[in-house]
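Common to both upcoming complexes is chain A, partnered first by chain B, then by chain C.
And then the complex of A and B:
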């Protein structure tokens, strides 16, 4: 094998027909093997992602309730969504409100925790574990546990607020406070999780020589953070931001369990709206159209972020 | 003040101030870290406390910080007798085991294909694979549901297990590929000279060297599958087939009060159940912690 590889360099200058056939046979063999090893995912991608994606695009132009065959109705589903569905547009607004409130807090919170845990602390593992545990809690369990803590009458949070002379709100049972409550719950469940660990890895990649050089030049902690650390970790920030926004927009479990979209649809997110249309009303065609609008929104938003990233993301290894 | 001579009195005073300042800084740091850790852990503590109270103590105001008349055993056994909780645990363990074996193994094989062989369209397909991370499940869920109902797979565990065997998803493939790229290609070549074919190289060289990555995937797979909610919610209908995540949701509606079973909300039982559902993941984390943190970190590195 190795002898063949080294002779390929020679054959490039002096093409020998016979050897060439032999070369490409080796290359072909490599390609076939590669495709064979990749084939589980090629099949999985076609059957569970690409196929369904096309199928749902087709379904979005039909009326389909599972019992009767799908009937092509053109753009009717899309037109209905934007003109006649009283729940759809507000659900998008709410989803964005939730994302807008939770993503910046989650990003700053996780970065802050990562900076804390990046200091030379005694018992790093113990601290890290304590911050990480909420992430491991099944979201259903987390939702129930917080529902109980946020109980307006006998909940712990309102009891503590009462102690310092603040009358606690109705939290999950109040239309104004339901989304902030979910933001709080999501923050608890994710702040010390994988986002934080990715930040931590980014921070540990910042060259220490650079920080030491800045220190010798008289830079304080604050200046070092803003001028060196933050610019150096912008790729990590970007990675977390893109995924964080997508995950926030997709929020389902926590709203489904903690509030079931209530009270008075105050937490009726787009994901709940799609779920309800698909699996409660079995209006599969309409739900597919909603899912596609949602997908296009996410794609657009991600594209914009990639476009804007050139202005603020710094890649040290960029050529 | 501006000029410092080493060893002078003023120099020493300066350094004493500096030491005091450092002690202050360090204790402030520990204080902040501790406050955060307490905020993270307190809901668990509160769940434990609530799960051991009697119902009248549970709804008393102001709340008590430790049950006056503890009845942990009674509450926990009540959960087990009220619903088939043991059955749900077994179901979840079954689904989790098969899905995580499939997801780990198949992603290792696929990542081997991506990292060790050149074939046309490979890099483009890999980029597309990464792109699938951004897809909202909602878009593919409906046709997938229809497909599985054609197979008569609704209310079985196949929809929760079988897809994992086809590469284990983009995240797994990405993480595994990153790891495999770090294993020197010389090892493959040497084995090939000794006459090993690529399948043997995978099993006898690559996989044994990939134990940390495999452990990471297994740990992540355990947690992801154990906590999976939407899948079981959509694909499972029969109560006895539930996994713990949907079971917990079912308990929530059963124990909400005003039903035939219970007249008042039974939040202490709900807390007991929530804790039992969370426990296996927490235990596993302590076992696989090292791999866990490392695995996530390597994924995010060159995002």
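And then the complex of A and C:
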């Protein structure tokens, strides 16, 4: 091959110089307008979410109490959490206990209510509204109401238990029963809520022809639910499970109002621990480190769920 | 624009309008505080040294909204006690009150400080001298002694030395006592009911054992004999109780928990509180829900309750169905020296104050002689660490029970020091174990060791 040949070959295979795709004036104006229309959200996201998030990551490596400039201390906050803070690991344990107890019950409860409300019954709309109402109750009001209901001496629950010959426990006043009490309160507030609505939407998406075919083949109610309905709504179950676990782990308000973390720190969840460090002790740097450890834990748990979802979640659209 | 769209806003017009609105909002939000929000900043030549005498200055005082704090100061202003308004016509005193208690109040003060909009005076109820951090570390309050000296105000002529010492550090006076009282030194009891039950009147020299016997005699199916109520045997409100048993929670430097230095006495003290609830059952158990002591006392469901001094006037005025008696809290053995601990609400002058002389004058008036005599006579707030107030007969004519507190106040012992200023955390650590013990879930011996460990963990933390 001559040099001339080679040079012509090179020129034939060499990529063409990048040509700037020229955007028409109308397209450009449309793009600018699009950005401008979304800019309130973008600015809000940057200022109120991304900015504080990055700031808290930086602060987690500092000693910072709001009043004095942050002082960089490397990993000290993280090391302190795992080695010297007697409340940190127990608070994580309690938070997981709460999530483990509340999420399955809430999932089963919501699914059960959704199945009931999916029946073609008279007054379905009224029932749906009634089940949804507790979700609309402000959590502070609900917590105060439940504090009264669970009062060991004068509360409604123990009064009713007493009527059937059962001596009620101390509920929120007992270190053993405090978390189960919060689970109960959470269930009341959430079983008929958005989780149930999402299940209801999932149930209404189950193809009726499949159910009818199964019925013709002699499948009973339970078999239809177990073999058709449940597999068909696994994406909904997965979605609710992921969000349910995240929300349960983040629980703050109900414990803050109903027990303030007591008795004897029996309901001292990680969110309360972060709050106490940030807004009572003003260890903003340490509180940021705790928040990041907690975020990573939730992230890890969510990734594991996604990894395992391939084994049990069925997407009808996938081959 | 065609006729169909005539009168409608085009996309361009919409964006221009929204852009202008957003820009204006951002400008307004980022502008310096308005004169109404920060009047002190507007006052030129704020110091009275520099300002012409007649020029008005505004003093902004931050405090919680509470009967014995903001409400009483407002009443004092309305009544112009000690002629404050007449003597200081140039001062506009603005009480900036915050509803709630320290969890709501302190973040607000820190926000004001961080934003540079803090006023001239701040109120604070310290725990184990945590307030010193506000002067030494945070730089929120300043040494007011130079302003006091400037007007010939001698701190030592006004306050008990102990109250000056706990509010100062390194020779700097950061805080001034506003409410200063012995921590829960007295028990209120239902005189009418104990007469009906044939119980003896308790006497001021009684012991804890006698209290336990008395409470057991007074306990029936419907009535508890005694509830620790305000004292609750906690780390702060129970401070004098543990001292009375010979237990000092922290060493002098405030760095080491010393509960176990006298372990036998500490366990004995804890066991007494445990027995009240779990063995003798003379006090309502926390396992039956939060105990509302004033409600139970008023409802005659409990015969005797430990109280803060301010209730000495409130209870007889509130619970009129029965006669109330007052007796000092017990000692361990007859004739023991009475131990005590000082509780305070204080005011400090901020480093941000633009009118420090006017701020000092206002603070000195809050904490002044006549203002505090009237506070006691009118039953609006607790006492103060001023010898002249405690020597004023008008106080005893109005509230004879205060005579019982006078010797305690005159030899008052300071609150113990938590040197890293994490007093609230220290109290929470104590409560974590103590509450479990009172619920019957821990034995006193085990609780004593855990309290020591958890409190030491707080003391080992970095300074706040």
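FYI, the second predicted complex is superposed on the first by the 288 of 319 C-alpha atoms of A that agree within 3 Å, B and C clash if a C-alpha of one lies under 4 Å from a C-alpha of the other, contacts with A are read in each partner's own complex, and residues count from 1 in each chain.
Simple rule for what comes next: contacts are C-beta pairs under 8 Å (C-beta built on N, C-alpha and C of every residue); 3 or more make two chains touch, one makes a residue touch a chain.
Remember, predicted model here, so these are calculated numbers, not experimental data.
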item: First (chain B), second (chain C), both or neither touched by A:94; value: neither
item: Touched partner set for A:153, first chain B, second chain C, both or neither; value: both
item: Which of chain B and chain C A:66 touches, first, second, both or neither; value: both
item: Touching partner for A:40 - first (chain B), second (chain C), both, neither; value: both
item: Partner chain in contact with A:279 - chain B first, chain C second, else both or neither; value: both
item: Contacts of A:113 with chain B and chain C, given as first, second, both or neither; value: first
item: Which of chain B and chain C A:205 touches, first, second, both or neither; value: first
item: Overlap of chain C and chain B interfaces on chain A (superposed complexes); value: 33, 36-37, 40, 66, 151, 153-154, 279
item: Sites on chain A touched by chain B in the complex; value: 1-2, 27, 30-45, 47-49, 51-53, 55-56, 59, 66, 113, 116-117, 119, 121, 125, 127-134, 136-142, 144-146, 148-149, 151, 153-154, 156, 159, 188, 191-192, 194, 197-198, 200-202, 205, 235-236, 238-240, 242-243, 246, 249-250, 252-253, 256-257, 271, 274-275, 278-279, 284, 287-288, 290-292, 294-295, 298-299, 302
item: Complex interface listing, chain B residues touching chain A; value: 29-30, 32-33, 36-37, 39-41, 43-44, 46-47, 50, 58-63, 106-107, 109-110, 112-114, 116-120, 122, 125, 128-129, 132-147, 149, 163, 165-167, 173, 189, 192-193, 198, 202, 223, 226-227, 229-230, 234, 244-246, 248-249, 252, 267, 270-271, 274-275, 277-278, 281-282, 285-286, 289, 293, 296-303
item: For the chain A and chain C complex, residues of the former touching the latter; value: 33, 36-37, 40, 63, 65-68, 84-86, 151-155, 170, 172-175, 262-265, 276, 279-283
item: Residue ranges of chain C in contact with chain A within the complex; value: 11, 15, 18-19, 22, 103, 106-107, 110, 113-114, 137-140, 286-290, 422, 424-425, 428, 431-433, 435-436, 439, 441, 453-454, 457, 460, 462, 464
